[in-house]
Amino acid sequence: MFEYAPAPESRSVVDLKPSYGLFIDGKFVDPTDGGSFKSINPASEEVLAEVAEAGAQDVERAVRAARKAYDKVWGPMPGRDRAKYLYRIARLIQERSRELAVLESLDNGKPIRESRDVDLPLVAAHFFYYAGWADKLPHAGFGANPRPIGVAAQVIPWNFPLLMLAWKIAPALAAGNTVVLKPAETTPLTALLFAEICQQAELPAGVVNILTGAGDTGRALVEHPGVDKVAFTGSTDVGRAIARSVAGTSKKLTLELGGKAANIVFDDAPIDQAVEGIVNGIFFNQGHVCCAGSRLLVQENVADRVLESLKRRMAQLRVGDPLDKNTDVGAINSAAQLERIRELSDAGSAEGAERWSPPCDLPDRGFWFAPTIFTGVTQAHRIAREEIFGPVLSVLTFRTPAEAVEKANNTPYGLSAGIWTDKGSRILWMADRLRAGVVWANTFNKFDPTSPFGGYKESGYGREGGRHGLEGYLNV
Amino acid sequence: MSERVAVRKTYKLFIGGKFPRSESGRSYLVQSSNVSLASRKDARDAVVAARAAVKGWAGATAYNRGQILYRAAEMLEGRREQFVALGIPGDEVDAAVDRWVWYAGWADKLAQVYGGANPVAGPYFNISAPEPTGVVAVVAPERPALLGLVSVIAPAIVTGNTVVVAASATEPLAAVTLAEVLATSDLPGGVVNILTGAITETAPTLAAHMDVNAIDLTGVTDAALATDLEVKAAENLKRVLRPAPADHDWTADPGVAPMTALLETKTVWHPKGV
Amino acid sequence: MTATTTSARSELSELGRSETALRTFLHGLPGVDQVGAEQRAAQLGTRSIKTTAKAQAIDLAIRMVDLTTLEGADTPGKVRALAAKALRPDPADPSCPHVGAVCVYPAMVPYVAEVLRGSGAGSGRPPGGPGQPHGAAPAGLGIVHLASVATAFPSGQAPLEIKLADTRAAVAAGADEIDMVINRGAFLAGRYKEVYDEIVATKEASGDAHLKVILETGELATYDNVRRASWLAMLAGGDFIKTSTGKVPIAATMPVSLVMLEAVRDFREATGRQVGVKPAGGIKTTKDAIKYLVMVNETVGPDWLDPDWFRFGASSLLNDLLMQRTKLTTGTYSGPDYFTLD
């Protein structure tokens, strides 16, 4: 046997402070009326830092700072100068990418290979992309003189903490808005490091404000009357609540919510790449991906063969220490999320689906869940309908392209879909019919700052990325 | 010599290409006519008809949709006097025809303007194209009864959506007459459905309906009702167009926003290789 | 071997009888998506192999090297020196393993055989039919195999009789492994049966010697072709499939080798017969070699992590492996002056 020795990335590159304040008006400050909470490493349950929890008065302060910066500095600033700040930030992210990647893996539990090779390069690319738009907005197709909206309240999830921050902040700033962003309570640390980068870039005070906290902080922020724009990425239930809360206001809303994507494999698929795509589709980032290919729809006449290959491939997945460079699947982000994954998986077993995981030794401490597939799943099973947001794949079969489309679309979600076939015309036929905002054909889970991302139906509305991503931050 | 006794028109609903009375059997007197007073059940029936029409309409070629809309403009022009007889100013009818033609021409252009290739950093073909969101519920403005109505229906359907319209409650005759125009053009049944009656009765049903993809509140003037409808719409995350400001200029160039607000963007990736 | 694979094997063995059957089968294999295959290969290349795992991998890689010289300028003296190095790659360190084989032109085989014979190599293969692994070395006695290229290497553009005579001569001179080239012209023209028949004939001419079939993947141009040629070679009885001659601009690459590994994996699943893989050309550093071993490990598993089933066709790779080996042992980076340049 060829056993890989541990290859840990050094965490000495990260200089964590014992506690962090809120980032308001260009400075780290103590909360006025909030408390504090601890952010832990989900792979070890060790406390990484104590973080301030913003209260209503802190939200007030931050929105006021953002408003002042919008009125006095950022709004009037020529686009080419806004661009230069964004370029600065992009460069600083590249320069500090190793530090950011390690911290992301520590706080989130995702493998360093992903934070290093996927998240951080995309984060920097996103800032570079939107930096270039800042002085070209009249050419973006939204009128000759498109105007920003004002102060944006942005609430982001824990699955891609820094990348979601980039998706929110880069287009907002490029369009001339100022922001108050709340990172998720289990992954606040890279956003705070990003605040330091804003300082380093000498971004004018108040343009970016970071409020750490949990649901109450987020609610206070999106409901604040001084906010002109709300952007949220997270669960459909919270998205619904936000949509209700902005009803009757003039706040512009974009939502990027849950998904239950079908990854459809035809009998003429490039099988080895399809298996990679299935694995990448559901086990990338521990399945903590809203566009995860969590429903495998495989044509019945190749189902056995595909499943056999899939299981063989899954046996190669290395689950464990997120900082080990050879880890493929890291830790589940929190105890609560682990509990949800367990509950839904148990429901899958109870409902009669057949459960399989490769043998794998999970660490004793921290939150872990082995890569799992369920076969014999039907559309009626909870695991085929509800978003699990974990490394759990439900396998269903189909007989004809029309049946594949019908099953794929038979969900309230519509974020993404995958198609695997060597027949070009079938790809286009399928792509036309799939009700999903992103369709990956013969690939999966690909992201790019130029490529709009966002869902149909209950997966939310608005697009992030590309020219389309500007629309949510402009008065059009 | 006795004067000829006129044949009066019954103003009915327009659902699935047919003109039924309200299933409730109710009507109300408005503009000196008895007009069907649509019920919640009528609203639900209209959604079913609209949903059934989505596949064919969204699946039609853009050229075909443009042709059909242009044909409807021809019909509208031909009925000019009929609208004038209803009290619609001639200028407004003309503007309505022109607007309809303007939107008809967008059918096969919007995807080029609003979609496009994305230069991703990798060996991938990547293209974004707009698609209709599906069934759109529309609260039409109370007035201008014809131009306002055309200005909310045409942008919704030209891209492939189907609509259920709650027509102006106070001036519904233009809406029913427009329905007659549409019924005699080549528009497939169910693409446009028109409910007359009380907005407060039909709109909440449409806003709460889980098989409606978007709601256009343009014609809602009561702020509390607008908020209530938006809250209801949140249940299945309908796309929401908020009420138009009271001083909205219906004669101004509407831009593409009325169309793009009711579109989804689908992005398709494919590797490039040999 | 299960009943299913036995029957599948006999069905597959019928394919070679008809051009149509071969074409239908080869074109019915699943396609390979270039971008996906290259990404998978690149991803495997990001594994970080350190300390004990690295030491283990280096020794395994040394044992897998087919130490090769295939030059017009090869002389008896040159190949004798190479053979000596194959037996004792690091004269200063007796714990250093020998390489897998020496690979030369047919005319050079007798000189290499002289050197290796003392080691027990090049003296014929232990009993066991085609498709069986090489025998284990007797205790304390290294076995370095003697591979000869044949069949009008590298172009293969010669009459079949001459190619077969070339093969027989190499075996007669002491080669226990034959590295043949396929007829790429015939393959690209779609004359699969011609390619198949040549491999069958060469296999027969090779007798007990193991047959490595060089696909020259750089000339096949697409991964779909690589997969088809791999299957064609295996169906015709090849014991190994090998990427390249080293004589065209594009030699072994990670993704090409990945596709070939997937082919041998699927072929064993279908027939029960295991076939080896040999990437050749362009693999120059320890880092490269370790990437390949990771790919073998994670694509076909430990069954192939053995010199009987995986080889590197290389020349300069060995010295880099030796340098890295010394570094791991001593903790000091060595230099080329400290390793023999044969």
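Chains here go by letter, A, B and C, matching the order in which they are written, and residues are numbered from 1 within each.
Heads up, the rule we're going with is that a residue touches a chain if its C-beta (ideal position, glycine included) is under 8 Å from a C-beta of that chain, and two chains touch if they have at least 3 such contacts.
Computed from a prediction, not measured in an experiment: that's the story for all the values here.
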| remark: Joint neighbours (chain B and chain C) are A
| task | Select the chain at the greatest separation from chain A, using centres from the mean of Cα atoms. | result | C
| So which chain ends up closest to the centre of the protein, judged by Cα positions averaged per chain? | A
| request: Have a look at A-C versus A-B and report the one with more C-beta pairs in contact. | output: A-B
| How many Å are there between the centre of chain B and the centre of chain C, using C-alpha atoms for each centre? | 69
| In whole angstrom, what separates the CA-based centres of chain A and chain B? | 36
| request: Quick one: report the Å distance separating chain A from chain C, using the average Cα coordinate of each chain. | output: 45
| field | In chain A, residues with contacts to at least two other chains | value | 442-443
| chain C, residues touching no fewer than two other chains | 33, 35-36
| said: Please output the residue numbers of chain B that touch at least 2 other chains, ranges allowed. | reply: 122, 124, 271
| request: Flag every residue of chain A that touches chain B in the complex, lowest number first. | output: 125, 141, 143, 236, 239-241, 243-244, 246-248, 250, 255, 257, 412, 427, 431, 436-443, 446, 448, 450-454, 456-458, 460-461, 463, 466-468, 471, 476
| task | Mind listing the chain B positions that touch chain C in their complex? | result | 122-124, 271-274
| note | Note: in the complex, chain C contacts chain B through residues 33-36, 38, 221-222
| query | For chain B, which residues are in contact with chain A within the complex? | reply | 113-114, 116, 118-122, 124, 126, 128, 133, 213, 223-224, 226-228, 230-231, 233-237, 239-240, 242, 255, 257, 260, 264-271
| message | Show me the residue ranges of chain A that touch chain C in the complex, using the header's touch definition. | response | 1-7, 113, 117, 268-273, 276-277, 316, 325-326, 422, 442-443
